[in-house]
Structure formats: C-alpha cells, structure tokens
Amino acid sequence: MLKDVIFAGFGGQGVMVAGQILSKAAMEKGYYTTWLPSYGPEQRGGTANCTVMISDEPIASPLTHEPTYCVIFNNPSFQKFEPMARKGGIFIYNTSMITEKPKRDDLTYIGIAATELAEEMGSVKATNMILLGALTYFLQDVVSLDDVIAAMREKLGKKKPELADLNEQALRKGFELAKEQAK
Amino acid sequence: MLKDVIFAGFGGQGVMVAGQILSKAAMEKGYYTTWLPSYGPEQRGGTANCTVMISDEPIASPLTHEPTYCVIFNNPSFQKFEPMARKGGIFIYNTSMITEKPKRDDLTYIGIAATELAEEMGSVKATNMILLGALTYFLQDVVSLDDVIAAMREKLGKKKPELADLNEQALRKGFELAKEQAK
Amino acid sequence: MGNLQVVYEVPKIYTGPNHYCPGCFHGIIHRVIAEILQEEGWDDISIGIAPVGCAVLAYDYIDIDWFEAPHGRACANATGIKWAWPDRLVFTYQGDGDAASIGFAETSYAAIRGVNITTIMVNNAVYGMTGGQMAPTTLVGMKTTTSPYGRDPKYAGYPLKMAEHIAQFEGTALSVRVSAFDPQHVLDMKKWIRKAFQYQMEGKGYTFIEVVSTCPTNWRMDPVKAAEFVKNEMIKVYPLGVYKDVGDEKKEG
Amino acid sequence: MGNLQVVYEVPKIYTGPNHYCPGCFHGIIHRVIAEILQEEGWDDISIGIAPVGCAVLAYDYIDIDWFEAPHGRACANATGIKWAWPDRLVFTYQGDGDAASIGFAETSYAAIRGVNITTIMVNNAVYGMTGGQMAPTTLVGMKTTTSPYGRDPKYAGYPLKMAEHIAQFEGTALSVRVSAFDPQHVLDMKKWIRKAFQYQMEGKGYTFIEVVSTCPTNWRMDPVKAAEFVKNEMIKVYPLGVYKDVGDEKKEG
Amino acid sequence: MPKKVRGVLKIREDLCKQCGLCVAVCPVHILDFSKTKINSKGYRPIELTDPDKCVGCAFCAMMCPEGVIDVYREIVEVAE
Amino acid sequence: MPKKVRGVLKIREDLCKQCGLCVAVCPVHILDFSKTKINSKGYRPIELTDPDKCVGCAFCAMMCPEGVIDVYREIVEVAE
Amino acid sequence: MGEKVFMKGNEALGEAAVRSGCRLFFGYPITPASELAEYMAYRLPQVGGVFIQAESEVAASNMIYGAGAAGKYAMTASSSPGISLMQEAISYMAGAEVPAVIINLIRGGPGLGDIQPAQSDYFQAVKGGGHGDYRNLVYAPSTLQEAVDIMPLLFQNAFKYRMLAMMVVDGLVGQMMEAVEFKYDIDPDSIPVPDWALSGKKMHGGTKNVNTSLELDPNKLAAHNFKLFEKYQKVYENERMFEAFELEESDIDVMIVAYGTAARIIKTAVKNLRAKGYKVGLFRPITLWPFPDKELKEYAQKTEHVLTVEMSMGQLIEDVKLSIFDPNKKYHLMPYPGGIVPTPKEVEDKVIEILKGGAK
Amino acid sequence: MGEKVFMKGNEALGEAAVRSGCRLFFGYPITPASELAEYMAYRLPQVGGVFIQAESEVAASNMIYGAGAAGKYAMTASSSPGISLMQEAISYMAGAEVPAVIINLIRGGPGLGDIQPAQSDYFQAVKGGGHGDYRNLVYAPSTLQEAVDIMPLLFQNAFKYRMLAMMVVDGLVGQMMEAVEFKYDIDPDSIPVPDWALSGKKMHGGTKNVNTSLELDPNKLAAHNFKLFEKYQKVYENERMFEAFELEESDIDVMIVAYGTAARIIKTAVKNLRAKGYKVGLFRPITLWPFPDKELKEYAQKTEHVLTVEMSMGQLIEDVKLSIFDPNKKYHLMPYPGGIVPTPKEVEDKVIEILKGGAK
C-alpha cells in the first residue's frame, strides 16, 4: 500500500502544515510516512507544495510524479497538477480561489469553497483544514478523521488552543462535504 | 656531454651568484644549461646550494644526485656533499672556512684559502669568484676563463662596476691556483 | 501626458516586476539607483555587481551590465572589473551578511586599498534570503532563526557598524549611513548615492553607502511597521549620517 | 649562584635556539610571553596558536600546548579551541600579513564577537617569511619585493592600523600598540601582554596587542638600525598607545 | 477663476504588492487599497480615494519599491 | 669598606647571533662581540669588555631575542 | 530514547549530533543546510553546548579544526559553495590529523547554481577538494533514519582514526520530514579527552602537545604521507559499508549502482522492474570513501550490465569502473546534473532499453 | 623577440604572460610562487598593466573572476594551500563561463606541508576541487621552455572556450634558471573585447550583458550543465596534448607514464635504460584535462607493463587505469609524496626490478 498526496498553493495558505498533520497522523498509526516540501526562495510569493507519502513498508521515494491525491489551493497549482494526477485519483480543490474548471474525466473532483466556508466559521486560517478534512474522507483505510484531529491538536493545539477547536470543526466540515460529493 | 656542478655554502657567501654566472657563460656558448637553487626558509641561516647543469643536448633533469663538480664553501656542505660526489670528480673547497679534511681517494681535491686570498685582494666578497675561477679550469672543454669573466661582467658589471675588476682578478687567481694544484 | 508637468516618472531602466517581498526596501533602493544612472546618463557605462542575498537577481531589475558575485566577494570582483575598465562606473550592491560577514575582508580591503568603486550595503539586520538568520548587524536581544533566544553578546558579540568602520580607512572617500523609511530619507539616500558615484567618476577613492533597511518577512512585521521599526529602533543603533566625506580635497593623483 | 641576587633569568619555558634572523624582535616577544606565562603559572593551562609567517615554528620555542594555524585563520582556530576549553588561556601569535591581510576577517570577528582570547600581532611592515613582500602595514613609499617602486596608494592603498581598528569594536576589552626597540618598551610590552592575559582570565573579552617590530633581513638593515627605524619612522605611522581598555568595568556576564 | 495645482497619478496596478508604504506617507491620506480589484499577482492595488486632493508631492512614488507610480502636475481652475 | 652593587652576567654563548641589540643598549658600554670566539652557529658571541662596570640593569637581557643572558647582582666591597 | 519522532531532516541531523555527544557547532547559513544550524542554535544552549555563527565557511571550518584539535566533538554543516570554501582547512586537518565532522547537503552546481538536491560534490569529497594527498571518511546515507543511525559513527571514527568524517546528503534529506528513532544518547562527559588534545599541559602530564601540519623536511613529510596512507589502508579495511539490494541471484540482468537519495528512489524502480520480471538489483555504497570496491567487483560478476545512476555528470562511475575494472562489462550512465532527482520511471525505462539492446 | 634569455622560472612565467597580452595580475605571495607576483609587480607598470596584491587568495581568485568577466586577460598564481582557497571562485567561473588563467606551483601537502616540488594537487585540478560538475583546462608543462611556449594558449583557449585554464607546475620550474626563448609578443590592443564582456552597455550595442552562475530552475540548470559538457567534449576533442618519448617500437618492455618535472627527470632514466638495452619509453600527458586517454590506450597496446611515476600518492594512476582499462596489463606505481623528486636511478632500478619480475 502506498498513498501519495500533494498539497499545493500559495505560501501562507497553510499548505505545508496540512501535509505535516496528515503525515503525523499516519505515523501515529504506525505507517511509514514522509513529508517533503518544495523549498528555497521560490516559496516567496510563488507557489509552494509538499508531498506526503504513506505506506505500510519503508518508503523508497519521497517524491511522486503522478500523485493519487491532490489538494489544490490556487490556480497555478491547479494548472500544474491536474495533468500530473494519477488516473482514477482524487482531486480536491478550493473553489473560492480557483477559477479553473476540471478538464479530465478520469479523476474524482471535489470542489469546495473552502475559504468562504472558513471565513463563515470564523477565520480564513481554517481553509486548509477544511480541505484536509475532505481528503481524510478518502484516506479512511489509513487514517480516520479522529486520527487527523488528534494529530492536528498535537501539532497546533499547544501553541494556539483557541484555533484548535475551530480547526476541528473545519476538518469535520470538509470531511462531511467530501462524503456528500463523493456519493 | 653533461656537466653537473654543485655550489654549496652559507647564505650570503655568494654561492647562488657563482652558479648563475657559470650557467650564463655556458648559455652564451650555446649550451643547454640549468641553474637550480635550494629554496625556502631553510636558506635563512642554514646552508644554501645550487645545481648547475651544462649539456649539448636538452637537459632532462636539473637535479644531480651524484655531482661531478663540487664547489664547497663551508663545513656542513663539505660533510653533505663529499659522500655524494661522483667517483673521479673534482672537489673544490674553501680552506679558509673548512676544517674538514678530505676522506676519499677517488676525487680530485682542490683546497684554496679563498676567503683569505679575497681579503688580501681587497674584499671577502670575491671569495666565490676565486672558487669559480678554480672550477673554470676544469671546465675548459665547455667554457673558457674569458667566457666566465664576460658572464660575470654582464651579471654584476652594470650594478657594481668597481667590483667587476676585483672579480676578474679573483677569477684569474682561482684559475691559476687550480692549474697549479691540478698538476 | 499633454499639458501635464512631470513630477516623478519611474526610470525606464528600472525593469520590474521584482521578486522582493511586499514593502521590502530593496525595491526602493534599486529604483533610486536606476534614477541616478538614468539622470546622469551613466547607465551606458555602468557595471553593477549583484550579491548573494535577496538582491541576487538585482541584475534583472536595472538595465545595465551586471555581474553576479559569489557570496561576499563582490568588492573583489569589482576590483577586477574596475582595473579592467578604470573609467567605467562600477558598484556593488550587497546585503549586510554579504558585505559585512562573509565579505568583511573584501569590503574592508576595497576601502583600505582605496579602490575607486562604490558599495551600497543594505543593512536589514538579518540574512533575508536564507530565512532570517542572525547577521552581524542583528540588534542585541533580537530573535532570529539562529539566535532563537535573542542575540547574546557572549556568543555572538555586538552589532557591527559598517559605515563607521569603513570611514576609518584613508582609502575611503565617502562613508555615509542613510535610510529609506520616509520620502525625505529616500531623497537623502539618493543625494548620497549620487555623490558616491560622482566621487567615483572623479577618481576620489572608495565610496560606501549603508542603507538601514527592512525585512518585513523575517522581522514578521507588515511593511509599514517595519519602516517604523527602522525609524524608531534601528537608527538608534545605526545612527544616520556622514562618517567620512573627503569633499573636493582629493583628486586622482 | 650562591649569594647572587637574581635580576633577570631567561624563563625555563623559553626553549631555544630559534630559527629567527639575528636581532629579529620575534625572539624578544616570545621570550616576554614565556616570562609572563611562567611568572603567573599559566604555562600549564595555555594554548598558543602559531601563525603561518616567520613565527610558524613558535611552537618549538615556548613550552606550552600549541596549535599551528592555516595562514590567517588563527583567531577562528582559537575560537574553536576556546569554546572547547573556556577556562584555558588561549592566545594567537601572528604576523601582520597573517592577522591583518588574509586573516583580517577572522581577527576582526574575534573582536566583533568578543571572543575571550588574546592576539599578539607582530607588525614588521612586510611579509617576512616569504621574502619581504608588501604587507597591509607597509609604509607608503616603502620598497618591498611586491612594491618595487615603493608602495603606491593608487594601487595598494594606505597602511592599515590594526590597534585602532580593533579598538572600535564593543567586543574588544583591550587594544594596545607597543614596541620593543629598547628595554623600556620591552617592559611596557610585557605589562600590556600580561594585562591582556589577565583580562582574558577574567572573561573580559577580546584582547589585542600590536607590537611594532622589525625585519632586519627584508628591510636590509642591521638589527640596531632596524630598531632605530622602528623608533624613528614606524611609530610615526603606528603611534604607540592604549586604544581601548575597558579597565575593570566589564566582567563575564 | 482661481487656479490650483493638482497632482495626477499614473498607477501600474499590476506591479503593486499592496505593501502600504505609499498609503502611510501620503500627506493628504487619499491612498488606499482597492476594494474591488485584484491584480494578476493576487494583490489589491492602490487607488486614489479622492483624486482631487492630490497635491502631487510624489511622496507615494518615492516610497514605492515596485515603481508603480508616476506623478504629474496640472493646473486646474477651481470653481469658487 | 665601601660596598657597591655589581652586575654579573651568565651568557649562553652558543645561542648568541651577534645581533648587537644588547650592545646598543648597555648604558655603560661594556658589551662587545668576541674577538676570539666563534660559536657553533658561526657567530662571534658577546662578551663583557669591563665586567666590573656592569650595573646589573639587565637592559641587555631585556633586548636579547635569543635568551642568551641571565643577570644577577652581587654586593662587592670596593677598595678605596 | 527509542521512540519515533516525526522530524525535519535537518533537525534530526542536529539532534543526532547532539545525542552523539557533540556540544560544539560552528556554522554559517546556507540553503538547504540552514535549518541544521538553526536547530543547533536552539538546542545546544539547552544541553550546555555552544552554537557559534561563524563569519564565513572559511572561519567555520577553522573553528571545528581548532575544537577538534582541542579534543572535543565539533561539527559544521553547509552546502556546496560553502564546502568549497572549507577545502584549505580540510587539507590541513588531514595533515594535522584532526578529527571533526562536516555535513554537506549538496546542491546543484557549479557556481551558485540552484538549491535542489544533487550529488555533484562527489569528486570533491572523495578525491581531492583540497591540496595534497589525503582522504576523508565520507558517508552517504540514503534515508534520514540511516543518517541518524550512523551519526555517532562519524564522530567516533573521526576520533578513532584522527581524521575528518563527512556526511554527504542532499536537500531532500535535509528538508524532508520523516519518523526517526534515536537509538542512542551519549553523555559527552563519558567521552574521554584524547591524550593528544590541546587542553593545557596539565591535562596531559605536563608535556606539551603540538598540533601542526607543517614539516619542512621533505623526507619527513613523505614519511608522514606514507604513515597517513597506512592509516587510510586500515580505514579501508575496516570501514567500507554498502547495501546489496535484490542482488541475491547468481545472474542479474542489470545491476544499478547508486547512493544516497538516488539509491532510495531507485529502490522503487527495482521493485517495479522485479514485478515485471526483470532481474534487477541495486548496489549502494554507503561509504563513498572508503569505497566498497571489492564488494562491488564481486557483485558485478553476476551481471553484464552495470548502470550507474548519479545526480551528477559522471563522477561515481569512475569509481565504479575502477572497482570492477573489466572491459567486458557494459557500463551505462544516467547523469542527473543541476539538482534534478531521477524518477523511478526513467530508470525503469532505461533498464528495459538496456535489456532490449537499445542502450550502448 | 626570439632571443634566448637566462631567467628564473617564475620570472619567465610572468614575462610569458605579459607577452601573451596579459596586463592584469592579482595575487597573494606564497612560496614557491612569490617571485611570479614580484616579477609582475615590477614588470606590469612598465607596460601599462596593473599589479594588485590581493588580501588573500580568496580575493585574488575573485579579482581574476571579475576581470575575466570584463573580457580582459587576467591571471593569478599561487601554490597549493592558496589554490584550495580559490575553489569556490573556480567553480563559479566554470558555471558562469568566465575565462582566466591560474598557475599552481604545487608544493608538498597536505596542509601546510612543505615547499618542495610536488604534484599532489592533481585530483584537485582535474577532478573536482570545487563543488559541482565542471572541468578546467589543465596544462602541465615539463620544462620552462614548454611552459613559456604554451602560455599564450592558456589565455587564448580560456577565451575561446570561456573557461578557466590552469597551469600546474612545481617549485622546481618556478625556481630554476634556464635559457628561454620568447617566440611571441602579443599586443593586448590586438585582442578583441568579446561581445559578452561586462564593459558597459555602450560597448556592446546598448543591450545589457549579465554574467551569472545562478539558475534556480533545476531543469534549466541541468540543461546548462549538459551544455557545459558539450563544450568540454569539444575541448576534449581539440585540445589533448601529450608527448610520446622513445615509444616508437611496436613492443615496449615498460611504458612509464609521468608528467611535469617527474617526466623531465624520467627522460634521463629512459636514456640510461635504453643505453643498457631496455626498451623503455615515456608517455607524458601535457594536458591533464583533457587527458590524452585515447592516445595513452593506443600506446599501452605496445607493452605489458605500465609504470606510473607521480609526485603524489596515486592520483595520476587512476586516469592511467581509466584510460587503458585493461586488467591484463600490469600497473605499477612509484608514488613520491611530500615534496620528494624522483631520481633517475630509482626509476631505473624499478624498471629493472619489474622486468625481472620482482615487482608486482
């Protein structure tokens, strides 16, 4: 079993943290997992992305060139990763920021107005958690929603406990929305 | 034909210059020739030496490990080069400074009280020229005394013309003494 | 623009867009250099030396010949270039880490040797490009990624004052500390950079301009706050002023 | 020696013979350092850093632990050694080329960082070891093998004044220029080197002693003339004196 | 009719990074970020909230790191 | 009998390099290079031309780069 | 101890050094190695250690040189251009037999290049970056866990053999987060101060220690060189490390040789190829010097095709050829310069092409 | 022009550079290269050139880097430790394709070592002293006359290919006096300023020139690397130089491979051995990179025994083996580290021993 996930968006949209939380949740469940960011000055202003791999055996390559799961935060990332996504993969994207329209028929697209929803819930900062929650729905054979919530709390809870509750709500929201759309 | 000569003594005794003049004289006669000094901080205080090679074909090695001609200015150099000298070689040494006594029977030793003679002639600085003059006697198949005098004048004459005459005298003196002893 | 009178036009040789973070002074300083070069007609004979630091891509932003230097070595490269073309205008554009840490010797030696070049050193108290590490100019107590508990003089010593330092050398013709936190100071900066270039063209020796600048990103401040921090805190430690100016005394001999 | 009263005995830890040219001050300075270390009982806890320069073999002449540094890097090596053993007495012994040219950054940064070590820099205005090339300290107009027409400021800039330079940094506890051209100055030098070591043991910061010295060989002067040249010419450009002394103010915090 | 000098700005909106340095220094406080536009970089560029008040001092242009702003002056007649 | 202080030198002749720094600073001018000895390095080491005059000031020792000289004092009675 | 922590590579490398007993870090920031310095700046003060930000890599390398000569575990980390600036000190440390640890997170070159993962400092690390004849211990782990596991070995072998130990990895290892387990936590006070350390005479019986790389007599310097190479021979005999992955059969279609990140990625290719029925295996040197040449030669007997995949233009392949030294094998090279990381697919395609006879 | 002058090697090297059209020298003193700087300090002002004593070799290398990018012939000279300090700039010059000339008068290492003639910076010069994948032109003349003869080639090829040209010799060449003939005297004004030179826009049509080694996009950087290696391939094809000495017969008892001073000395050994009836010859690479590998392989067909004599511990021999790449030959090595120069006698004895079957 090998799950390969890409999170991609502008720097500052919480792309990196979303990936780290997923990876951490997987680790706590006993899986092998890697998290790899794009790095360097191109982060500044430009797009940033990270790759999460989850497997039940040691992970050879932390890089994926054909991601099965894509969590996409902005237009440039949509353009970059839609063609790369693996046939039959899951393509979750933030319709609040993305004007691009799905072009492939071999992917499951999950469009969520995550930024708007997050704003409604109290803070745009929860955007990434909504999208992560949505992803979690498709990764339940590996991590449950509770696992991800726990990982999120461990990662963020200490520093910003007030944010943790909001984030939990957001994760749950995303999960629900994915469930609905996936039907 | 290959002539290999070593000049050795304290720094400041004119060892290097004597070698350069010989080498220059040989070059002017159309021979291939090299002059190689020992170099570096060991020059300071310690002994210094230079090797002169003269040949009618390109010189492969500018180093000799068995010099045929040795011109020796002080005790440490006597000790160092006497054992190295080539069988049948010419070993010229300055008895004014050297207390060592010849130990081999396969060398032609030419002992000259060069420093004292030079002092008598007007300056200790001519010591090296007396010894070079002596050497010249043995190298006549390559350079004549006049060749060496000319080279000396070119090398030193411009800067110190007053010294040049003394030096010529010294070269002639050394040449004569060698001639006498060699008989 | 018809009967409109020009008050200010961005110089044509300032060629954006740039990659700097919003509000970073690097852009202001570039623009001002471009203004001077264009106004004086020096853009045709100028060679800029870009540093390794956030301004590494400076060569994309001013339309003159450019050299990209190894980290810290800009003044050595500039020395080579200047002696290749003694009548060209040669300047280095450097960060504080670049000019004052790894390049401390090369920068100082340009002054000691009195090389007829100009250095514009942008002091933002951190290593911007690499993610906000401590610079020699970091204030005591200031937290950076390599001084997470605040700069501690016991291990890291004290802020380095380059304008004062460079002023001490006989080879220095001009050493000035300026800033850009408000329009007046931008104009003042322009005046001194122009003077530095002029001195260079007159063969007066090494000229050095330190610009007290910002790094909103690594200071974790918005640009306006960062500009205020310069005004209120930075220039306490790095007082603006002219530390050396040989005036008209010294001409090339 | 029976009823003889000792006026002066060469310290036992000064272990000659050395390789220096006759009359070179390096020997005097070594001897004085040895005197202090022996008098204070510090020889047991001292680590000296020898330079690349004529004093490269300093480790043969004083009976303490020694490190031989790459050319110019003595202060960086000393920083590593000092942080390995913070309570040891760590000093660098360097030439002017070593400490002020190739090692300019490392020496300066010991001061900027306030590293608790001592540097003794021997300023003989030339590169002695390599055969008398120009040093940053060479006087204007002075002929050396790489300034055969005399040091020309147009290409080579102006003499570098290290004691003044080092004094400017906050991390510096003591910066003094001394000489050794007569017995009084030798004693004065001894006083200040001792003070530097004392400050170090008290954790006061970086201490720097510049000794205006001779190079009879490369100056092509006899030793007595060379000493006179120091007295009459060198100290005009390199005035002796205390450029910084924090006194008892600053203790390790 | 009385005349007065009025400033006119040319704004390269696409270059603006919404840093606010110009906004902070405008002596008559007429610069603000657009409520309606987002440029290609994703920033809300500046706009003049009250163009008539512009004195054409070019403080904004002086401060702009991106070279967004050109400043001109025109003489306008003022209705009493 | 009147007494006076006299300096006594211990000279490690083999270390001397004949540099003359000691000679130049001796306040009573009693140091000179040996006319007779040459040491193992080939130098003529210093010697006292008039040992009685030595005041034991140790100036010579202070200046000596080679650590040639130790200086002691003794009280001697002086014949009137 | 022993628990798994999810950590960024650079931080794990730093923690590994701390747990190896290292309390001295001297460094200068550079992408992608900066977080290692940053972690040390944060961590060392907590454990009584010292972090010094040097003014340059020249200075940093000379600080570890000093600290190593003083007998203490010391470390620096940098990336390619910074490592180039350390070459003089590295040569000196070899000459003076000073132990220290340097991590090179190699990035794309030459020059300023980029900051992506690369292996193009191979020659510099194993042949001669600095002047003179010398060797460094060079470890090239393939995963973060392996890097963490061997970290104590770097310090211990550096001190055992009195020589520099380098770890070469790349930005991928430094930037990646992964679960790592620290199986050790060595008390620095338990590490004896060597008797050659510069620590003041009184620490070692009153006889002075001198640390120098100078020897003006060429005969003595030559003897010193021969002595060093005897030591290196011992290191060669004791310290070669490698992994043979899927190389059990006696006949292998293609043997791939790769190290570090390239090797890690190639394991995927090997698995995929195996799934398709190709007998493919990977020979992975873990020590680049001493290079496991005997072992590589041995495994090469099993195959006709040797495919070297390296994130450089053809550096590793020289050691591969020198090890096997058999003109009857077919040697293939996939060079990945400039910060490009190979993909399993590319390697799979190449292997298939080789076996179809399409590749030379 | 054309007359023979009796000159010290370092001075002749300087004069050769001046007559090649070089008017810019940036250097830092070091034994045994100092006299070259000293000569330039004396000579350049006479011909309107500029001598700058840099504050360090780091600075010197960056000064020639700047001057080369400005389109002018520029040069520095140093010896081993100084060359180590230049490795960052050397890598940058390769990446940015900046031409310049560096002379390395190699001395015994590692570390401070000694100041005697050595060849132990071979790997550093030809493999990778600096970071990243790159090559320098490396010339290793064997006599002063040869050094003088090829000096213009260094500058011209540096500019032709936009890359660094190094000359590696040793203190023996620098310190020796010998008669040299200068067969050229090139007017610097006759050398065109390249259109890529940084000289101010107006010099090249108003469009700016940028000289950089930075390329943050790894795909572009990889492409740049491949482009560089295409250039290197061209250099390899055009510029290999070697001498085959006494290698005419179709069967040779022992072929010695050596370069520089070692080769010069071995010619004596070859003559002596020939006089004794041994069929011995010398293969002498003149360019160390590009290495004359094809030619060496060709000549190696004639012999069973290949004896590498190098003033280092075993560096040249790797390229010898890679070139010949035939396990059926017998490879012998005489390593001379630390500043020791081989004697003809030692080499003669070794050859005789080999032919008696005594040597492995």
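As written, the chains take the letters A, B, C, D, E, F, G and H, and residue 1 is the first residue of each chain.
Just so we're on the same page, a contact is a pair of C-beta atoms (placed from the backbone, for glycine too) under 8 Å apart; a residue touches a chain by one contact, two chains touch by 3 or more.
Everything quoted here is computed from the prediction, not taken from an experiment.
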When A-G and C-H are ranked by contacting C-beta pairs, first place goes to C-H
Could you find the chain whose CA centre sits the greatest distance from that of chain H?
-> E
The distance between the C-alpha centres of chain C and chain F, rounded to whole Å, is 61
When the C-alpha atoms of chain B and chain E are each averaged to a single point, how far apart are the two points in Å?
-> 89
Would you mind pulling out the distance in Å between where the CA atoms of chain B average out and where those of chain F do?
-> 40
Distance in whole angstrom between the CA centres of chain C and chain E is 28
Could you tell me which residues belong to chain B and also touch two or more other chains?
-> 40-41, 45
Residues of chain F engaged with two or more neighbouring chains | 41
In chain D, residues with contacts to at least two other chains = 21, 56, 68, 70, 104-105, 109, 112-113, 129, 136, 155-156
Any idea which chain G residues touch chain D in the complex?
-> 24, 26, 50, 52, 54-56, 58-60, 62-72, 74, 88-89, 92, 96, 198-202, 206, 208-214
Contact set on chain A toward chain G in their complex | 20, 23-24, 27, 32-37, 39-41, 58, 60-63, 65
Contact footprint of chain H on chain D as seen in their complex | 52, 56, 68, 70-72, 101-102, 104, 127, 129-131, 133-134, 136, 145-149, 155-156
In their shared complex, chain G is touched by residues of chain H numbered 58, 80-81, 83-85, 87-88, 90-96, 106, 108-116, 118, 120-124, 127-134, 212-226, 228-229, 312-315, 318, 321-322, 325-327, 336-340
In the complex of these two chains, what residues of chain G are touching chain A?
-> 4, 6, 31-32, 114-116, 143, 171-172, 175-179, 264-268, 271, 341, 343-345
